[in-house]
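There are two complexes below, and they share subunit A, which is joined by subunit B in the first and by subunit C in the second.
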Partner chain A sequence: MLPSGLLLVALVVAPLGLLVYFGLLSGPGVDGRVTGEEWGRIAGQPELYGRLLLRSLGLGLAATALTIVVAWPTAWALSRHVRRVRALYLALVIIPHLTSSLLLIYAMYVLIAPGGPLMAALVGVGLAGAGDSLLFTRWAVLLMLAYLFLPFMVIALYAAVERIDDTVLDAARSLGAGSWQRFRHVVLPLTAPGMLAGLVIVFTPAAGAFVEAQILGGTDGMMFGTLISEQVSRVNNQPRAAAMSVILLVSILMLLGGLRWGLRRAFPGALRARR
Partner chain B sequence: MATTTEAPTAHPGADTALDAADAPRRSVRRRGRPGWLAWLWLVLGIVYTPVAVVIVLSFNASRYGTLPFQPTTQWYAALASNDALIAATGRSIVLSTTVALAAALLGTALALWIVRVAQRGATVFTVLLTTAITVPWLILAVAMLLVANAVGLGRGLGLLFLGSLAVALPYVVLVVVARLQGLGTELEDAARSLGARPITAFRLVTLPLIAKAVLGGTLLAFVITFNNFPIHFFLAPFGYNTLPMEIYTFVLSGYDPDINALATVLIGVAVTVGLVLLAVARRRGGDRTAAAGIEEVWG
Partner chain C sequence: MVTRRWAYLLALALLGALALAGCAEDAGEATDDDATEEDAAVDETEDDVGDAEQPFAGETLTVLNWNDYGSDQDYAIEGFEERTGATVRHVYHSSGEELREILRTGGIGEIDVTNPNFSFLQQMVDEGMLQPLDESQLDNLDDVYDDFLASEDLYADGELYGAPWVWGSTGLTYNTEHFDEEPTSWEVLWDPEWEGQVGFMDSPIEAIMLAALYLGDDPHDPDLDAVREALVEMRPNVELYWGSSDDWTRAFTTEAISVGNFWAGDAGSMMAEGEPVGYTIPEEGAVGWIDAWTVVADAPNPELAHAWIDWMISEDFLVEWGEDPAGNAPAPANERAQEQLSDEARERIQAFPEQVEDLAIMGALTQEEQQAYTDLLAEVKAGVQ
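What follows is the complex of A and B.
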């Protein structure tokens, strides 16, 4: 019983803590002296590291916003407008994601490649020129991240929408609230906890993504995670990879904290004292 | 299996009554509004577009995916003789199965400890588990690799196993904890008061009641381990390519009809597994309880 708890501490908490120490060493391995020089090098190139960090966080935020916009009505439709086959619909949204995410990235690659089905359709409608392609742009990465993490958001929001009691809506209606007011002041705040959970489980992996950008992003869509991965697998500068991981993780956590604060301000009272 | 189905019906109330007291009242329209249903179908259409394209192309003769569509099954024949992909699939299945079984065993034990033994420690552990779930896998993988390098072990099968286990374990724990918390100890106490020894009471009463949650958690652990590219990519010993790694090397070199065929096969497997999961999980979904845990910590 306790040993499995210790296992988690040893495998998750300790390595994350040690990252801070590893980041202070001088490279390329993790047996150098403590100098902190990698932090200086990272700080000395804001046009590379700063820009990519901002892009990772921006892409993560945009992907999260996109999933909320698509998943919210989906969750509502599942909860209120489907009777018997609800679980089947939910399963259908999730099922492609039970295969390897690499396969889905590959499928997206085929779909948006120059001359591929999507581009051919866009050219046919007149929305794109013959030589245009989404592939190897940051838009491709955004599309991929939103596609990959959509089911997480649907699940989180569905759980929240399911908990909304109809009597609350009836009360709002009897007090004269129109449908927009019921949505804005009753339903939306009640799904705030679900939005927050979705935010955490979508934004974190999206901002920490690296393969998606590597395969679909080209140089225009390169992410901070791609750079971390290359520091380990190609460049072999392990302390720099450690320092960058710390930077990314802390940025993600700070941004999540800020977003939670924002949600609390936007929906006062909605995010406390449940259960 | 008989006990699994009999135990809850023999004691109605314990679980269902609790649920009913909490359940919100919802009116679900007998016939959904067409607009909402159309939206659902639109979303499903988007989700399945890339998948459908790959499935269609897997039956197309062109090596470059170009269009006059000429039906063929040659890529499936090519897939069947692609030794690298088959070996990688085997490795992935072995890895995911061992990790899922270990995670089920350790995860259930940890969940029991959290719910039944640890009083104060429970909150600490919930925070710990949700942290483990929310850290990007890339960062976890890099952290574990660097620790292994510092100790002088480096990449290896043992490290791959432990890393995958660390990622999968929290999901099993959260699913089983959610089930145990809804259960209470009344039934087990009743068995004990009727003279059953603690271990017997656990085996005959509690275990059948949580069996579905344990099974759901195990399947979740399997799927997560199977797909965990970052962990595989950084921790697997060189030359030990799992299926995602093998797909990665193929995809880096561009369009490949073999991968189309493989994708089609795996989608077929996923549909089967998905429907089994659906039957098993019924109402309590794994990620939904994980989401509830995250809500609790962050909310």
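What follows is the complex of A and C.
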């Protein structure tokens, strides 16, 4: 009990405390006095900081929603329809993501560049004009983030879907529930814990992402994370970067809290303590 | 049950691998010798132990530089290893900012030499990242343009910190297939005709100095409100704020961008590869830069570091690099090297000393200026009106 408690303090509580403390210093570096002036500067420019924070959170939410839409049927299929070769399929979902994420980003670049395979296909079916491209738009960033974090969501949902006992579905059927009712009132609520787990592990990094946007986003590629990174790397303003990190962290936690509350309301009883 | 356990094992493997991949990226580190080269180097050192010609046999020099920027050419490394017997290891960065970040986060004590942009040098001296050069160990300093060595920004407390290596400009670069005639003014970047086709450099100092030149203002002390207005006005034309030569080249060759500000050496290199690239210093002038080699504070091998710098600024190396069509060389700061270049190489690397007059050389910025410049460009990029 005691050693694990100490670990928590050393690895979680202390770094977070330092982050909050650094945010209160006056820059550059972390040798300044406690003044809180960077918080004032951030608050004084809502049109920059607020705008980018909303953009990052919105993009993170959209990417998470996209992964749920794709990952839920994938997880269901893995669990119910390909039982004999399930390990192979799971491996196939994961293997492309064992490489550096930078490689995946550049692969996406090639795919969506003007004249690239995806754009050529879209032009072919008449959905895009010859000179159009997703590249350097916010859609490219959304697509990339969803692709990048998809396996996390698949695995989170797969674990939840796999846990659903077939006898529960039989019981619902014997009580006269149609297929939609079984999905809506039995299956979906039972995967709510998986969705919540997926939300946490997908939304958190997606909202903080900036490399993907930098490379694929063009003039829409400026994120809250970009701003944090620039404050450290360009001017060594670590206090402002720390303060912004606290803001991002708290915003993400509040949003996750809201989503958890929403899931509980949507699926009463589904998120109680289990076992 | 078995399958479920498999799923969790896979999930764990995935998380672990992603975490590792993340670390590897962050470090941005690579040695350029492949296994065989390394073996060869080791053999060589064993043979030559005690050889007076190779005073640094067995030592390893760690160089922090851009990827594919001269110092990691085979002839750069082999030439140095032959002369000294030492082994060269490279650590890469992808921006001047990242260079300093690597030094701040553990690079000091590990890295021997690096070549920061002129404009970062003073701040790096202030932060204790560099040590003064011992000019007696740098014979080739005599061949460096006096004009460059006269620059105050290379010195702190009367001591020399940087040995000028190469110089260049960030000029107006355009796709010759999209332009009927060579543009002569930066105005083209603001021209609605090129909406969504401009690649503009994501660097606060370059962006602000360029806008000041365009406005006819003093690039070293511009009116920031006017500059902000000009950059906001340019934004609809910008397709990409590029951060590296790769960014630019990839966007240019896929025709996502047609025109913008780009580095002379890289533009010349694209010309040599047959890309439809034009490069010009417009009538308003252009932002110029000098890269200088420095020895990092607490360098593990300070004497070897000086030997490296003397090799880098030498006529021998700079001519070989300049003549290498695939070398991406900028113009050499060594006067004798410049004289020896072939006409073809001089055109390709834009080694025209007379251009220096039209350049606004990036100098040191104070912390306050850097903060103001960074915040200004961030606002522009974020789309704040």
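Simple rule for what comes next: the second predicted complex is superposed on the first by the 261 of 275 C-alpha atoms of A that agree within 3 Å, B and C clash if a C-alpha of one lies under 4 Å from a C-alpha of the other, contacts with A are read in each partner's own complex, and residues count from 1 in each chain.
Keep this in mind: a residue touches a chain if its C-beta (ideal position, glycine included) is under 8 Å from a C-beta of that chain, and two chains touch if they have at least 3 such contacts.
All values derive from a computational prediction rather than experimental measurement.
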Partner chain in contact with A:L135 - subunit B first, subunit C second, else both or neither: second
Residue contacts on subunit A - larger count, subunit B or subunit C: B
Which of subunit B and subunit C A:A242 touches, first, second, both or neither: first
Touching partner for A:T99 - first (subunit B), second (subunit C), both, neither: both
Touched partner set for A:S251, first subunit B, second subunit C, both or neither: neither
Which superposed partner A:S26 touches (first subunit B, second subunit C, both, neither): neither
Touched partner set for A:E230, first subunit B, second subunit C, both or neither: second
Contacts of A:A91 with subunit B and subunit C, given as first, second, both or neither: both
Overlap of subunit C and subunit B interfaces on subunit A (superposed complexes): 83, 87, 90-91, 94, 98-102, 109, 113, 115-116, 152, 155, 158-159, 162, 215, 232-233
Residue ranges of subunit B touching subunit A (in the complex, touch as defined): 24-30, 32-33, 36-37, 39-40, 43-44, 46-51, 53-54, 57, 65-66, 106-107, 109-110, 112-113, 117, 125, 128-129, 131-140, 142-147, 149-150, 162-163, 165-166, 169-170, 223, 226-227, 229-230, 233-234, 243-244, 247-248, 250-252, 255, 259-260, 262-263, 266-267, 269-271, 273-275, 277-278, 282, 285, 287-288, 290-292, 294-296, 298-299
Subunit A partner contacts - residues on subunit C that touch it in the complex: 3-4, 6-8, 10-11, 13-14, 17-18, 21-22, 24-25, 95, 97-98, 100-101, 104, 127, 204, 235, 238-241, 243, 247, 250-251, 254-256, 367, 370-371, 374, 378-379, 381-384
Residues on subunit A engaged by subunit B in the complex (per definition of touch): 1-5, 7-9, 11-16, 18-19, 22, 29-31, 70, 73-74, 76-83, 87-96, 98-111, 113, 115-117, 147, 150, 152, 155-156, 158-159, 162-167, 193-194, 196-198, 200-201, 204-205, 207-211, 215, 225, 228-229, 232-233, 238, 241-242, 245, 248-249, 252, 256, 260, 271-272, 274-275
Footprint of subunit C on subunit A - complex, ascending: 28, 47-48, 51-52, 83, 86-87, 90-91, 94, 97-102, 109, 113-116, 133, 135-136, 151-152, 155, 158-159, 162, 214-215, 218-219, 221-222, 226-227, 230-237
